[in-house]
Structure formats: structure tokens, C-alpha cells
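In what comes next, chain A is part of two complexes: it sits with chain B in the first one and with chain C in the second one.
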Partner chain A sequence: MQTEIKEFIQREILKDSGRDIASDEALISSGLIDSFSLVDIALFVEESYGVRIDDAELSTETFDTLAELAALVEQRR
Partner chain B sequence: MGLTQILVFLLIAIAVGLLLKQERRSWAIFLVSLLSVYLFQPLVPLRDFGFWFPTASILLTAGTWLVVRGEDQKIEPEDIIAGGLSVLIIILVSMNRFVPLEIAWLPGSVPPLLSVLVFLSIFTVLGWVVSVRYEIRRLGTWIYLFGLIGIFVVIKTQPLMLWLSELLREMIGQSTALASTLDFSWLGFSYISFRLLHTLRDRHSGRLPAVSLRDFMTYVLFFPALVAGPIDRIERFVQDLQTSEALDGEQIVAAGRRILLGLVKKFALADGLALLALSPTTAPALRSAGWAWVLLYGYSFQLFFDFSGYTDIAIGMGILTGVTLPENFDQPYLKSNMTTFWNSWHMTLARWFRSYFFNPLTRALRSGLLRNSPGLIVLIGQFSTMLLIGLWHGITWNFALWGLWHGVGLFIHNRWVNYLRARSGPGLITSLPEAATRGLGTLVTFHFTALGWVWFALSDFEMSVNVFRTLFGMTG
Partner chain C sequence: MTSLTSSTIPALLKELEHQAADEIAIVFQQKDQDKLLTYAELVRRSAVYCRAFEQAGIASGEPVIIILDHRLELISAFFGAVLHGAVPAIMPFLTEKLSPERYRESLGSLIEITEPSALVTYRDFQDEIDKIELSGSSLRSILYVEDQPASVEWDWTEAAGLNSQPEDIVLLQHSSGTTGLQKGVALSHQAILNQLEAYSSALNLTGMDVIVSWLPLYHDMGLIAGFLLPILLRVKLVLMSPFEWVRAPYRLMRAVSEHGGTLTWLPNFAYNFCTKKIRDRDLEGVDLSTWRAVINCSEPMRWESHEMFLSRFESYGLQASALATCYAMAENVFAVTQGGIEAPLLVDEVRRSSLSGERAARPGSADEDTVKVLSAGPPIANTEIRVIDDEGRPLPERAIGEIALRGDSLLSEYYKRPDLTAKSVSNGWYKTGDLGYMYRGELFITGRAKELIIVGGKNIYPQDLEAIVDEIPGVYPGRAVAFGIFNEAIGTEDVAVVAEHDEDSQAETDLIVRQIRAAIATGSDVTARYIQIVERGWLIKTSSGKNARAANKEKFLLEFGT
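Now for the complex of A and B:
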């Protein structure tokens, strides 16, 4: 799952499939992903895995890395 | 909040943290917070409103709790005790009129006890009726939501405020000619109302945890964060309250350092810089571009030290009472673009707007009508969000322009990143060493932000335009 989310971010948000993202790399606090793309990630995750991520959860307090996001999704599935 | 008040509440926080544990500590923080709502309230010219504003803050909070309770959350004996203590404090404060002036705890006048009692009775009966049935409570959450926004708009819009002030003055027999914006210095309302709106929206989305009246009121009226935030989230705050352990030496040192840092920032740096800062008094006298830049830099740092100093003091006091308040600033002026600037300036307010406005709006646009025009969605989302963040500070043209200024900055940054990502191969900017692009980014971001403060620091459009002219040597 983590790989799928990573590929989505590379393809749709960073538009650069060569840009690797480490699973513990800060995504939000580093500014790599802005708040607009964050909503896109939420929509993608919700559609792909059938979980709900609340609008109030799209922040560094809930997740900031790929690993944390994957764990959150796993926990709700 | 003056230095004396800060020191008094600092001593209280230390005493509470050192002497009390668990339940007793929670009750103490609750009572101190209720009292602080009255003690921090500045004097208002409108008769008795130095009493009515804090009372309204307390009652709006208790009233919101009554309606946001979940379907199966009953009113427990502990909630009745918390409600009773709130009423007791309100009555105690209204006894102020029987105390000699030298030892009175409120600087202003208070209404007759009878009217306080009548008012409290009406509120209690109404609150009770509304909260008995869950369906009515749900309706109540919407009434509170629109009511709070309504009050917010009225007291943040000068013409509406003056109109209401004249109306109230006529009712209580005060001179309407003296109606002024000072009549509505309702302490902490911007923060209190946004905390309440957060709980109301979380009730609607089913995220709000079951919280006792005591903990709910402590969250909304928490004395370290009452005057200038931060705006915490209730589920996080309440967890801290419930797990608070005895203070250890390490925490006391951390809190002490944080508070000291805050005091230096606020009372030495910010107050010192105030002499050299752009303001409605210093702006009209500006003649040279050099001085204009000095005052602009002065204001930029004054504002930062003032606000982040307050936050440091709040966080330090929070630690003493066992609550780790969220950070509000993270070296914002060192950020290399507008997106990371807004991840580090007034962070809890920005997060509030993301959670309850920007994200739902973007989500709706993204899965609705505009799904294929991401650029337009970014434009609408960022402009409207930043406009609202601007207006939160006050509903004026200048705050609106300040918000839009940042909307433009964020939009340009978003499109710029998109452009860089879409094009392949190294360009002029991307081929520079990273430290250089970062440094350049910080310089540009800081100056964009600093120029934006011209709208924020002054209340007049024409005065702001004149300052811009002076800054860029376009005078005469």
C-alpha cells in the first residue's frame, strides 16, 4: 500500500517518477506537499482503500510521512 | 495582559502544578480559568459590559457544551457541580459592587444582583429545555454555529459594531454620542468562538469525543491561552488534562525557560521595537524610502516577537499546569516559500481554517463541478481561505487586502512549483546550488510577507498606498 501511495504522489503531485520518497521523509512540514495536494491524497486513499480521512485530520499532527499515512489507513481498514 | 497579570497567573500556575494532582488539579485549573475570563477583561465604556462580556463567554461555552453532547451522553453529577461552580463564580464576581473600590476585583461597574440572577435563571431554564432531547440539541448546534458567526461578524465590523453600541447605549441610558469601537473590546472572543466552532463542527462530523462540562469549559477558557491563543484541539487538550502527572524538575526548567524567552520577546524586544515600527502614527510622517524600510522591518519583527512571545508564555504556563499547548510559530521568517511560511506562522489558526474551510471546499470542488481544472480550484481555495484569515483579524478593507496579498503569494508559489515540476531538465533556478535557492527563497518570502504587513499595520487604504510609494521611492 505504501508503494501505491508513493507512486500516486510521484505521478500526480510531484510529476516526477524518478523522485524517490523515503518512508520517513517529512511530506507536509517540509512543504513537499501543499495543502491542496493533501486533499488529493485523501481522495485517492479514500477511493483506493475505502477508508475515511476527515478534513480535520489532514495535518502534520495526524501524519507527516508515507509510513504514518499507511499505518493510519491500515488501522482503519 | 500586562506584566503584573502575567506574573500573578504564573505564580498560580506554579502553585497548581506543584501542589495539586489529578482531579484536584483539574478543578483548580477550571476555577482559575473561569476567574481569568473576568480578570483579563479590559475596562469597557459601555456600562456593566466589563461584566457581561466575560459572563457571555462563560455562558456561551456552557451552552455549547449542552448542545454538543453526544446522543447517549448524560448530564453527570460532576457536570452539575461544574455548572453550579460557574454560576457561583458569576454571582461572586457580581458582588463586586459591595466591595470597597481599593480591593474590588473588577475595574468597571457590575449590574444589580437581581438582574444577574434573573438572567442566569432564564439561561439555565432555556439551556435545560434545549438540551433534553437529542433532536433539539442537533438543531441547537446549528443555532450556536450561526449565532457565534453572527456575533463574530458584528463585533469585527466597525459600522455594525457602532450601530449595536448606539442601540445598547440607548437601552441602558448612556450617551449615544460617545459610542465607539472601544465598547466592544470583548476579551478573547476571537479565540473562544473559534474553539467553540471547532467543537460544533466536530459534533456534526461525529468526531467530537464525550467530554465533561468541566473539561470542555477548561478547554475553551484555559487561562494561559485565553488572550492570544493558541487554538488547541479539544481531543488533544482533554487527553493532557486527564493524564497530567506531578510536575518534575525538568518540566519546571523547560517551562521557566519558555516563559523567560516569551517575556524577553514581548517586553524587551517587541516593546523596544514599537518605537521603530510602522503604525498609523509613524506612517504619515514618513518621507524617505530608507526610513520606510526601517519602520517596515521594525514592524515585521515587533509583530513576530509580540505574538510569538505571548505564545511562549502561554506554552510555558501550560506546561506548569500539565497541558502541552500546540506550537503557534516555527521560525516563520526563515522559511523559503509562502507555503512553508503558512505552515509556521499562526499555525493553529491556519490549521483551523484548513480543517473547517479550505479542505472541505477543495474536496467539494475536486469531486464536483471543477474536477478538471486544478488551477482554478487552487485559485478559489487559496484566495477565499486567505481572505477569511484576513477578515478574522477584523472586517476591514485593509485586512481583506492583507489576506488577498497572501492568497496571491500562495497561488503564485503553487503555480511556480507546478511549472518547475512539469518541465524537464535543469533550468536557470534549478541549476543553482540548493543553499543559494533556499537563501534566495527566504529573502523573497520575507520581503513579500513584510510588504504585506503594510496593509495589516495600517487601517487606512490611502495611507498604505502612500507607504508603498515611499518604500519604492515614488513620492513627489
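Now for the complex of A and C:
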């Protein structure tokens, strides 16, 4: 799942499939993913795994890395 | 709706509190429930800050900087400053991605130029403030929101702002970044009230209107159209936080539906954003038929964005006639033109090549490569427009030139920057730095003379980004350029950076690209989409050694495409 989310971020948000993302790399606080793309992540996770991330949860307080995001989705499935 | 009989904003607030004490001024949307703010409560809350400024010994006319999130205290602190006669400037709060060091630097330079007497912020922010070198600065007082009482015994005799004169400066507006923060647009009571009068008439605004806004108050569109206009003209305002909107864009549609919203201002990217990022499920039961104008403003307006927005929301009641446009800038308080209110928006289909090469917008026929340019509408009543050539001579219809304007809502000055003021205003005409043409009495915007990048309605100065890139080890000092490239899919500009570096290895180049990306993310309000490393000597410089951004952009697009 982490790989799928990573590929989505590379393809749809960064538009750069060659840009690797480490599982513990900061996504939001580093500015890699800007606030305009947060909702894309919520939409992707919901479509792919049927897990809803609430609007209010789209911040570093809930997740900031691939590992944390995958864990959050796993926990709610 | 109130007609403007008062000649200053504090006097108008007093009048409103007297006439409409129990009327709802603002429906402030919060996560859990709406907070309804009547005019009486607005004044009551603002009085707390008026008193606080008084007790801190802040004098009339002294600037105060407000650094608060989009919460109720921001509104109270802003109007509190106005009631006291102090001059508020709202600065964006530190975001997650921005590096605190860079933010402190910006704040430091804002303080140096603006020389504020006080700063209003949260206790949480105290550590940041403590790190700024304040000795020798003008700041005498830091007011923390948490230290303020819920209410104070107060009456209008304490409102020193009532002594303000119409020509006095009432607020400062800044755009972001080091450059923007050094250019505070100083606006007088009179200029703002003149704007509200002319603009409300262009909008056919009435007391039946309901304005819905998610725009930040540190931006002119948010502060004037989405805040002062409705509040001061007694038109109901439904206000939500930009932070929440960007995570849940459907909230805008729900708010319009729930409150019978009639007017909303959006930057162009928001049309694409709403179209693509709202689930059907979140629109269940939503009715947008009350929307009489959705006004595209503050970045280049695209016909394609309007079309996609209309086809996405038509089935929810959005009417084609609601699509409207406006050309605006803080230097004219806000609006310069308004289109699409009295009649459907004029769309001018012109030859694409004519916009850049011929300096005149030539109508195109079906077999040519054309572009549909949206009209920004005719000028509002108090503002005159001229399209001028390089020598300042007025140009005929359809000829492209720089847009200059004149009127009674122009800025008083760039605050404490007589140099910049003198450069921009001559004989009462303000040169906007934007390019456009007139046709049938309406203005069409085609580009910018100043090399500003606009991302999501936010003005970004390329020199700020270049300064950030310059600091990356391995980049030749002074050999980096930044520019914007319009992205059709998202309806706004992407940021591109080209920097010179002698490639030793791919690994090293990759590292520099990563460092540039991170430095821009944490050092500015944007993220870079394209980062291109080129060899020494690639960049084009002007004869004076200055940065030729437009030429480099062209070269970049030619060699690397996007």
C-alpha cells in the first residue's frame, strides 16, 4: 500500500516518477506536498481503500510521512 | 444596505452599531458550528483591542502588525486597531512548511520598513518573537491574544479613531515574500470608502445580497471584497477559513446553498480546484441557483476555467450568467473593473500570435490558432483607465500596452517608501505593470510587464525565489532565474527555476535539485514545479548584467519544454 500511495504522489502530485520518497520522509512539513494537494491524497485514499480521512485531519498532526499515512489507512480499513 | 454618510471607517462602524446593533454582520464558519456576529458584538469584541492598544500607549496613526490565524481574534484585533486610530497590517501566520528562520527574516524586514509600534499575536508565537532582534526597533509592545479579557467596559468616547480625518491612512496591505513585505500599500479612509461606493454600484449590490468568502484577510481580495465591503455596507457575510477551504472545497458550495449566497470572489485556480476536487457525495442537496456572481479575480482569468466550473456545477443550479470577472489591485484599494454583472461576459477570440508579436489583439477566424480572452469588464465609476505605450502615450483600441489608472481610490503611498511611490505614480496616474487592451470600452488583460509570478492568486516576486536559490551551495551566485509557467490543468502558474551549476555527476545535480526544492518550499509561500540545472553560461543576461527572466523563460521552454 505504501508503494501505491508513493506512486500516486509521484505521478499525480509531484509529476515526477523518478523522485523517490523515503517512507519516513516528511511530506507536508517539508513542503513536498503543498496544501493544494492534500485533498488529492484524501480522495485517492478513499477511492483506493475505502477509508475516509476527514478534512480536519489533513495536517502534520495526523500524518507527515508515507509510513504514517499507510498506518492510518491500515488502521481504519 | 447602508449608504455611505460617514467619511471615516470608525465613524461608519459607530453608525452601523447604532442602526443595526442586532443585525448579523458576519456568519463566521468554524469547524463545529457557525458563530453569528452582530454589529454590536463586532464592536464589543473590537473594543477589547481598542482598549489594549490604548493601554499599550499606541498613538493614532502608528502602524500595528497583526499575526493571527483566520479566527475571530483576527477580526477583533483588526477593527480594534481601526477604532483606536492605529494602522493595522495583517501578516500571514507561520505555516507548517515555511521555515521559522525565513519567516523571522521576513518579519524582521517588515518591521524595519514599517516601523510598527505594536504586534498582536498568540502566546505560542512568543518564542519566535523573542528570537527577532528587536533592540533599536520601533516595537514597543507585543499584545498576546491570550492576555486580553473577553470584554471590557467601553464606550465610543474611547474610540480615538473617531478623530481620524478622511485622508488619514487607515490600513496597510502587503503582498508576500521579502519584496512584497517591503511594499506596504497605504490606504486612506477616503480611498476605501470611495472604492466601496463605486464598486458596490458596479456590482448592483443591495441589502439582499449575501457574500460568501473563504479568502484570507491578508490579501486585498479577501480584506476588501470578502470582508470590508459587506461589513461596512451592511451586507451579510458568510466567512470561512482558507485553511479549511483548501482541505474541503465543498464547504464553499454548502455555505452558498445554506445561506443563499449571491456573490463570491475566487482566484482563477479555484475554478479548476473546485471542479476537480469535490466529491458528488459532498454536494448532495446543494443548490447554487442563488449565486448571481462568481467573480474571477487576482490572477489571469481563463475562459477554460469558467467552462469547466460551469459544466461541473450547472446541475447544482449554477447559472452561466453568474460567471463574472474583475481586475483589481491593492493599489486601487481593490477593483479597477468589473465584468459580467449587467450583461454576459464579453469573450474576445483573438489570434494567439498577435498577443505576443504584434502588440495588438487581432480577432481570429476559425482556421487560425486563437485564444479566448475574457473581458475584465469596464472600469468602475471612480476609476479611469488608459492603455499606454512605453512613452506613456495613450494607445488606440485593441493595441496592447501597459495599463495605467487614475481615480479617487488610489493608494496614498507605498508606506515609508517615497522612492517606490515616485516610480509608480506620476501626474496622478498609477502604472500597474500589467499589460492589456481596450475593446468596446472593456479591459482585456494579456500579461504582465513586471515579472511577477502569480500562484493561486498569490503574488510571488521572482527575485525572492532567486535569492533563496542563490544560497544553495553549488549554484553559481547570481546565476539563477525564477519565472511562472501557466498550467492549463490547474488554472494557475507553476514555478520554474533554472540555475547554473557545472555538472560533476548526476548524483550531485540531483542533490542540488532536491536542495533547491526544499529551500523554496520552506523559504517561500510556493513550491517549485520545474527545477532545471544548466551549465555555466546558459542563462541570458541583459547588457547591464541584469536578469532577463522573460528571455530565459522562452529559452527554457524551447529547450526543455514542460
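Here is the rule we go by: the second predicted complex is superposed on the first by the 77 of 77 C-alpha atoms of A that agree within 3 Å, B and C clash if a C-alpha of one lies under 4 Å from a C-alpha of the other, contacts with A are read in each partner's own complex, and residues count from 1 in each chain.
Note that in this section contacts are C-beta pairs under 8 Å (C-beta built on N, C-alpha and C of every residue); 3 or more make two chains touch, one makes a residue touch a chain.
Being a predicted model, the structure only gives us computed values, none of them experimental.
Novice: Have a look at where A:23 lands relative to chain B and chain C in the superposition and call it first, second, both or neither.
Specialist: neither
Novice: Let me test your reading of the model: by the given contact rule, A:55 touches which partner, first (chain B), second (chain C), both or neither?
Specialist: Both chain B and chain C are touched by A:55.
Novice: For A:3 in the superposed arrangement: first (chain B), second (chain C), both or neither?
Specialist: A:3 sits against neither chain B nor chain C.
Novice: Going by the contact definition given at the top, which residues of chain A touch chain B in one complex and chain C in the other?
Specialist: Residues common to the chain A contacts of chain C and of chain B are 15, 28-31, 34-36, 38-40, 42-43, 55-56, 58-60, listed in rising order.
Novice: Flag every residue of chain A that touches chain C in the complex, lowest number first.
Specialist: My answer: residues 15, 28-32, 34-36, 38-40, 42-43, 46, 55-56, 58-60.
Novice: Touching chain A in the complex: which residues of chain C?
Specialist: 31, 95-98, 243-244, 246-249, 251, 269, 273, 277, 279, 456, 490, 517-518, 520-522, 526-527, 529
Novice: Could you please specify the touching residues of chain B with respect to chain A in the complex?
Specialist: It comes out as residues 201-202, 205, 207, 233, 236, 326, 335, 337, 339-340, 343, 351, 354-356, 358-360, 362-363, 366-367, 374, 377-378, 381-382, 414, 417-418, 421-422.
Novice: If you look only at chain A, which of its residues touch chain B in the complex?
Specialist: On the chain A side, the touching residues are 14-16, 28-31, 34-36, 38-40, 42-43, 54-56, 58-61.
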